[in-house]
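Presented sequentially are two complexes of chain A, the first with chain B as partner and the second with chain C.
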Partner chain A sequence: MARLIRTEKEVEGRFEEIWLVIEEDPLQQWPAGPRDVVGRPATRQDGPQRVRGEAAYTSDLQLPGMLHTAILRSPFAHARVNRIDFAAALALPGVRGALGPGEATGLDEEAGYVGAPVAAVAADTFAQARAALDAIAVDWEELEAVLDPHEAVAREIFTAPPTRYERGDFERALAEADVVVEGTYRTSVVLHNSMETHQAVCEWVGDTLNVYISTQYIWGIRAEIAEALEMPADKVRVVCEFMGGGFGAKNGAGEYTFAAAELARRTGRPVRCALTRREENAAAGNRNATIQKLTVGARSDGTIVAFGGEFVNAVGWSGWSTMTEGPMKMLYACDNVRTVRYGAKINTPPMKAFRAPGFVEGTFGLECLVDELAAKLELDPLELRRLNYAESNDGTPYSSKGLAACYDLAQKHWDRRDEVRARSGSTWKHGVGMASQIWFGGGGPPSYAWTRVGSDGRVAVVTAMQDIGTGTRTVMAQICAEELGVPLDRVEVVLGDSARGPYATLSAGSSTVPSVGPAVRAAAADAKRQIVEIAAQRYDLEERVLDIRGGVIVSADGNLSVPLEELLGVLGDAQILGKGARGPNPTGMSVNTFGVQVAEVAVDIETGEVRVVRVAAVHDVGRIINPLGARSQVEGGIIQGVGHSLSEQRLLDPKTGRVLTTTLESYRMPTIADVPEIVCEFVDLPDEHLTSLGSKGLGEPPIVPTAAAIANAIRDATGADVHELPITREEMLRALREAEQRANAGAKETVAAR
Partner chain B sequence: MPELALTVNGESRTVDAPVGTSLAQLLREHLGLTGTKIACDEGHCGACTVQIDGVPRLSCITLAHMVDGDVTTIEGLREHPLIDAFVRADAVQCGFCTPGQVVSAAALVAANPQPTADEIRHHMAGNICRCGTYPRIEEAILKWQG
Partner chain C sequence: MHGGTEVVPLLRDGILEGDTLVDVRGIVPRGVDGARVGAGTTLAELAASEDVPEALREACRLAASPQLRTMSSVGGNLLQSTRCWYWRLKYPCRLHGGDVCHAREGEHREHAIFANDFCASAHPSDVAAALLALGARLRTNRRELPLEELYRLPDEGDRTTTALAPGELILELELPPADASVYLKAMDRQRWAFPQVGVAVARSGGEVRIALAGVAPVPWLLDGPGGLDSATPLPRTAWKVEVARALVRRALERVA
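This part shows the complex of A and B:
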């Protein structure tokens, strides 16, 4: 019987209460450790398609008669379109239609940043559409722009009211602390730069709108478009079978989607709107900059008694103020914590979620601060972390927490310190640093899956989710194959089309495996139950003695051994259909992911050059379904983290607000030559309270601690405290000078004391 | 429109395309060879890499009418052992840069069948992968012969 309950849902650190219908009892978890299919490395099912260049991305779609769109963007950081005239543009060759402010969602009269979309033109070719932009006559009224987040905070220009948090008595605890360390940490704006830019192709077929889009959330796009166009959601079909990366920037529909839909409606032709790489860098979302003024107070034995933080998120014109203080509140046991967070609304390009938004930034500040405390107390940083281990999330028990196990597994990497430091010469200094990680990643309801077993014994998993390149198809196929008892190569996963399969959640917030995986398992179990019932009747045995293993129906006594296709073969065109749903998360528990990374670096103290030599990562995300894909997630996260730490920085002209780094030459992402040795380990124990899988998500955790681990390794190598990302040579040399001055002052004090 | 003749994956092709058409556009839009991806369209990322007479070239900044040599795209390398090596090593995530990676790697192993890790890093540094499959790519190329 269907039961209606209230439950909590979390996405990217934001919580909401939802209604949920539960139909089935949860399945028992599988015991820990590798199973027949789950827990064993599986190469990607769609790997050959992608590697051979056969996978069709949104960018590869060419519909007959398709038009191309170019977007007119604001040249001012803040301006209003008083009048716009398309007459000259519409007269140009190939131009078929134009939209001004207010004619499609996302095209606004008020432009809040350089690059804000205000109008769109569709033409036979993209070159024609671009040329037409120059012929649009716009009467701009320039408005006052605020580009400095400090000014926004001082003037109280916020995206939302300041968020204040306090537990215990911070002031008193700080006053009573033996040691206090303070620091100001800054992180820069970094860009997602997915290889496939934001884009959509829209086509009307009767009163149905087909939207082909590079997205992380086909159902979200469907809902947004239905709402904007005031049409029934089931008249919007959203398709994304392959997409070229998202990292959080493609969770919603953008102006490109709405403009393509409206231009397609007006012209009666399919319309593509694809951002160029330069638009992608200027206007498609970013991880916002932060300024973090942090304080820690501790007793001389290393017990942390007070944490304080003032966080400024330089959000930009739109986006949300992420929980930058999250790690400070959650990572350590500390009775007295006080934080305040300001979301500064400034006239810069919009913030969008980027792989563990807020926690990447907040962990950099916090974990550097904690290491500076360890240095001041002359304590081993790993021991300090063990000493202040949080057994609960401010009183709420964790569904599972394997951070202590991560520390134990990381010990051997940490123990390389003497060996690594000994490599130091007169200019290149070597050192080892660590940082811990906490994040969400438990997923949640709702999500659904169907299974379809044919009389040939082959299985299709049908669920309208999307595979953004994390290996979703493979993991879902493994879960289904394991539950159903069939070889992995018999299972296909059908996804990426809102008209083909039930609702599944977004591919973000490390939620894919923990949200959809249990639904797939339940759908496979439903099909298996039916097959066993059929087998029991056909072979005149009790259901309880029957099982399916390796695609063969077997009896407990070993007397029956019938291939699945033999049993189901009699059914002809009939199919076995299973359905499954994601149940609720455990009530009264905090579901989190954990990890620690140990970085080894080399620093040239003459030039300030920093090289990351090795990163060892140990994460606890519950049960690992596919160790091969899991390792790739960890490596990819660390490599992006290395980029954030050393080379990536979106630069803005402070006078005009124009993005200066709009190419992949000026915005410097890591290449293969920049990659350190990466070692990857997992605790790999199921979370016994979380779903039938006990698995959490892994997309985001690996990027969380990387920057702090690198900064802490730099301190170990040189004694310098870097406080800013990226750690440019300028920042490195500044930190070295500061460390030198501190050492000189200390030497003078020592002399004076004598 | 000016006609141009070129050899793509061993086949002679004649195409009408406006002067100024990039090779990437020609392959994708005129010949339907969409395995070659355009990610930056200005020669910075390597996603559009093809071979011309065996040498890796950025097709997004190569004018189609200036091509003087045989063009090999990912579609012409689909039976190359590197394909399987990339899948085995999990050297693919979103896959958007991957065809370009394979085309670059194929040129490398043709010239140097047993490249060292350093040689791989040097040769492949022009192919950006935002998902960060680099360690897997290195492994795939090191073990491309199985």
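This part shows the complex of A and C:
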């Protein structure tokens, strides 16, 4: 029976209450440990297609008569379009249409940053569209631009009112602390740089709009477009079968979607709007910079008694102010915490969610601060973490917490310290550092799936979800195969089309496995139940003695053994159809993911070069469905974390606010040669309170602690405190010089250069 | 145009404009013949050649990416333009004929520590520094000249950084023998990055030449290790002096 309830949903650390229709999810979790299919490594189902170049991404799509769009972007950090004239542009060869400010969502009259979209032109070729941009006559009125986040804070120019948090009595606890450590930490703007840029192809077929788009949220695009164009949502079809990465930047529609839809409507032709790599890096979103002034107070036995922080998020022109203070509030047991967070609204390209938004930045500051505390207290950093273990989330119990298990598994990596330090020579110093992390990842309702079993015994899982490159397609196949009892290669996953399948949630916030997975299992269970019912009738046995294993219907006493296709073959064209839905999250519990990373680095103390030699990652995300896919996620997160830590930085011209690092040679991400040795372990125990799977999401956790682990390893190797990301040679040399001055001044140095 | 790895991006960005592209691959010599290196020889070929001094081999090996090394000619590499983001984004800077160096007032952390008063751009060629240290000579279709005469600092009257006349083509390099040579490169990832600081040192008998990449608008011959004392770093390029000192010291130790 369908039930209507109120429940809480979390995405990217933001919570909302929603209404939900549920069928009870009566499936019991599988006991811990690898099963027939789930918990065993599986190669990507779509791997061969991708590698052979057969996978059709949005960027591959060519529709007959398709036009190409170029976007006119503001050259000023803050300006208004007073007048715009397309006459000359429209007269150019191949140009078929143009949109000005206000004619499509995302094209605005007020440009709040260099690169803000104000107009769009469609032409037969992209070159013609680009040439037409120069012919658009614009009357710009330049306005005052604020580029400095501190100035914005001083003038109270915010994207939202400041967020204040307090528990306990911070002032008193700090005054009573034996030891206080303070520091200011800075993180830089980093760019997503997904392989496929933001793009969409829009095509009207009658009064239906087909939107082919590189997106993380098929259903969200559908709703946004329907609302913007004031049309029924089921007249909008959104397709995304293969997608070249998003990392959070593609959670919603943008000017490239709305402009394409409107130009397609006006011209009657399909229209592509694709950002170039330079536009991508200039304006398509970023992880915002932060400045964090942090304080920790502790007793001399290592008990942390007070945490305080003032966080400035340099949000940009728009976007949201992420919970940079989250780790400080949540990671450790501390009764007295006081934080304030400012979202500085400045005339720079707006932030967009980027893989654990706020928590990567906040974990860097926090875990460096805690490590500096350990140094001051002369305590082992891992012991200090254990000492301040939080048994609950400020009173709310965790649905499951395997952080202690992570620490235990990390111990052997941590114990390599002496061996690693011994490799130090006169110029290269080696050290080991760690950082722990907390994040979300419980997913939530709604999400749905269908299972279709044909008389040939082959299975299709149908759900209109997206696989953004995380390998969720394969995970869903595994869950279905496990529940149904068929070999993995009998299961195909059909996804990526809102016209062909039920609703699935956004692929962000580490949500897909914990949200869609249980729905897939429920749908498979529904199909299995029907198959067993049929078999019971066919073979005159009781349902409770029947099972399906390896694609064969078996009876408990072993007398029956019938291949599935033999039973179902009698059905002819009939099919078994199962359906399933994601049930509610546990109430009154905090659903979180946890992890530890131990980094080994080598630092050339004369040139400031930092090499990350090895990262050992231990993560607790509940049950692991695909150990091979999970490894890939951890490796990818760590590599991206290494980039954040050492070489990635979006630079702006301080005078004009223009992005200077728009190309891939000026914005430098790790190459294969920069990848450290990565050792990956999972606690892999199901969260017994969370759905029929006990699985949480793994998309974000692996990137959260990497930068801090590296910075702490640098401290171990050299005694130098780096307080800024990326740790450029300039920053490394500054920190080394400062450490040397401290040592010379005779100040108490806890970790001397070896 | 030879390999096109420099010209094509400049055309695409509208920094270079032209109606006609001339493919010179058929007329520029290619290959290593004793001390003579055709200007059309690729970086990949030089990196693999045993006949070529260590500094040049290393400079080629550490430059760019495998794909770029396969396409790019050593002659073209010598003539490449700065990676200064203001220049590449066509700001009306001094090199583009304007009267301001935007980097000096703005974002200059990858820029020059020498001769940076008029223009603070850094020369990106590892190979040029290696060849400069090796004392290479060029033969063009018009004349022969030591490599250092190919380069000039831009000034009020002439904003170019190379001294080739229109219609002049580099055909060949001549490398005097070196007893020992080395190229050390500081970059901010392990591969595929331009030099933050590149140091080439070559010793011939008792004579030692030191040349730096990434520190001036042109490849920079250093007047001994003490030459770094007369560096004129900008506020955010001072760190390059420190890196250069260490690399120069190490390079000298390697060739001693």
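One rule holds for everything that comes next: the second predicted complex is superposed on the first by the 745 of 754 C-alpha atoms of A that agree within 3 Å, B and C clash if a C-alpha of one lies under 4 Å from a C-alpha of the other, contacts with A are read in each partner's own complex, and residues count from 1 in each chain.
To be clear about the criterion, contacts are C-beta pairs under 8 Å (C-beta built on N, C-alpha and C of every residue); 3 or more make two chains touch, one makes a residue touch a chain.
As the structure is a prediction and not an experimental result, all values here were calculated from the model.
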Chain A as common anchor, with chain B and chain C clashing or fitting: fit
Residues of chain A touched, compared between chain B and chain C (which is higher): B
Chain B versus chain C as contact partner of A:F247, first or second or both or neither: first
First, second, both or neither for A:R658, with chain B first and chain C second: second
Touched partner set for A:G608, first chain B, second chain C, both or neither: second
Chain B versus chain C as contact partner of A:R729, first or second or both or neither: second
Touched partner set for A:R668, first chain B, second chain C, both or neither: second
Partner chain(s) touched by A:R452 [first = chain B, second = chain C, both, neither]: neither
Minimum Cα separation, chain C to chain B, after superposition on A (Å): 5
Chain A residues contacted in one complex by chain B, in the other by chain C: 663, 665, 669-673
Chain C-touching residues of chain A, taken from the complex the two chains share: 604, 606-609, 646-647, 651-655, 658, 660-663, 665-666, 668-674, 728-730, 733-734
Residue numbers on chain A that touch chain B, as the complex places them: 43-44, 46-57, 59-60, 62, 192-197, 242-245, 247, 276-277, 468-471, 628-629, 631-632, 635-640, 663-665, 669-673, 675, 678
Residues of chain C defined as touching chain A within the complex: 83, 85-86, 88-89, 102, 105-107, 109, 186, 188-194, 196, 236, 239, 242-243, 246-247
In the complex, chain B residues that touch chain A: 28-29, 32, 34-42, 44-45, 47, 73-75, 78, 83-84, 86-88, 90-99, 102, 120-122, 124-138
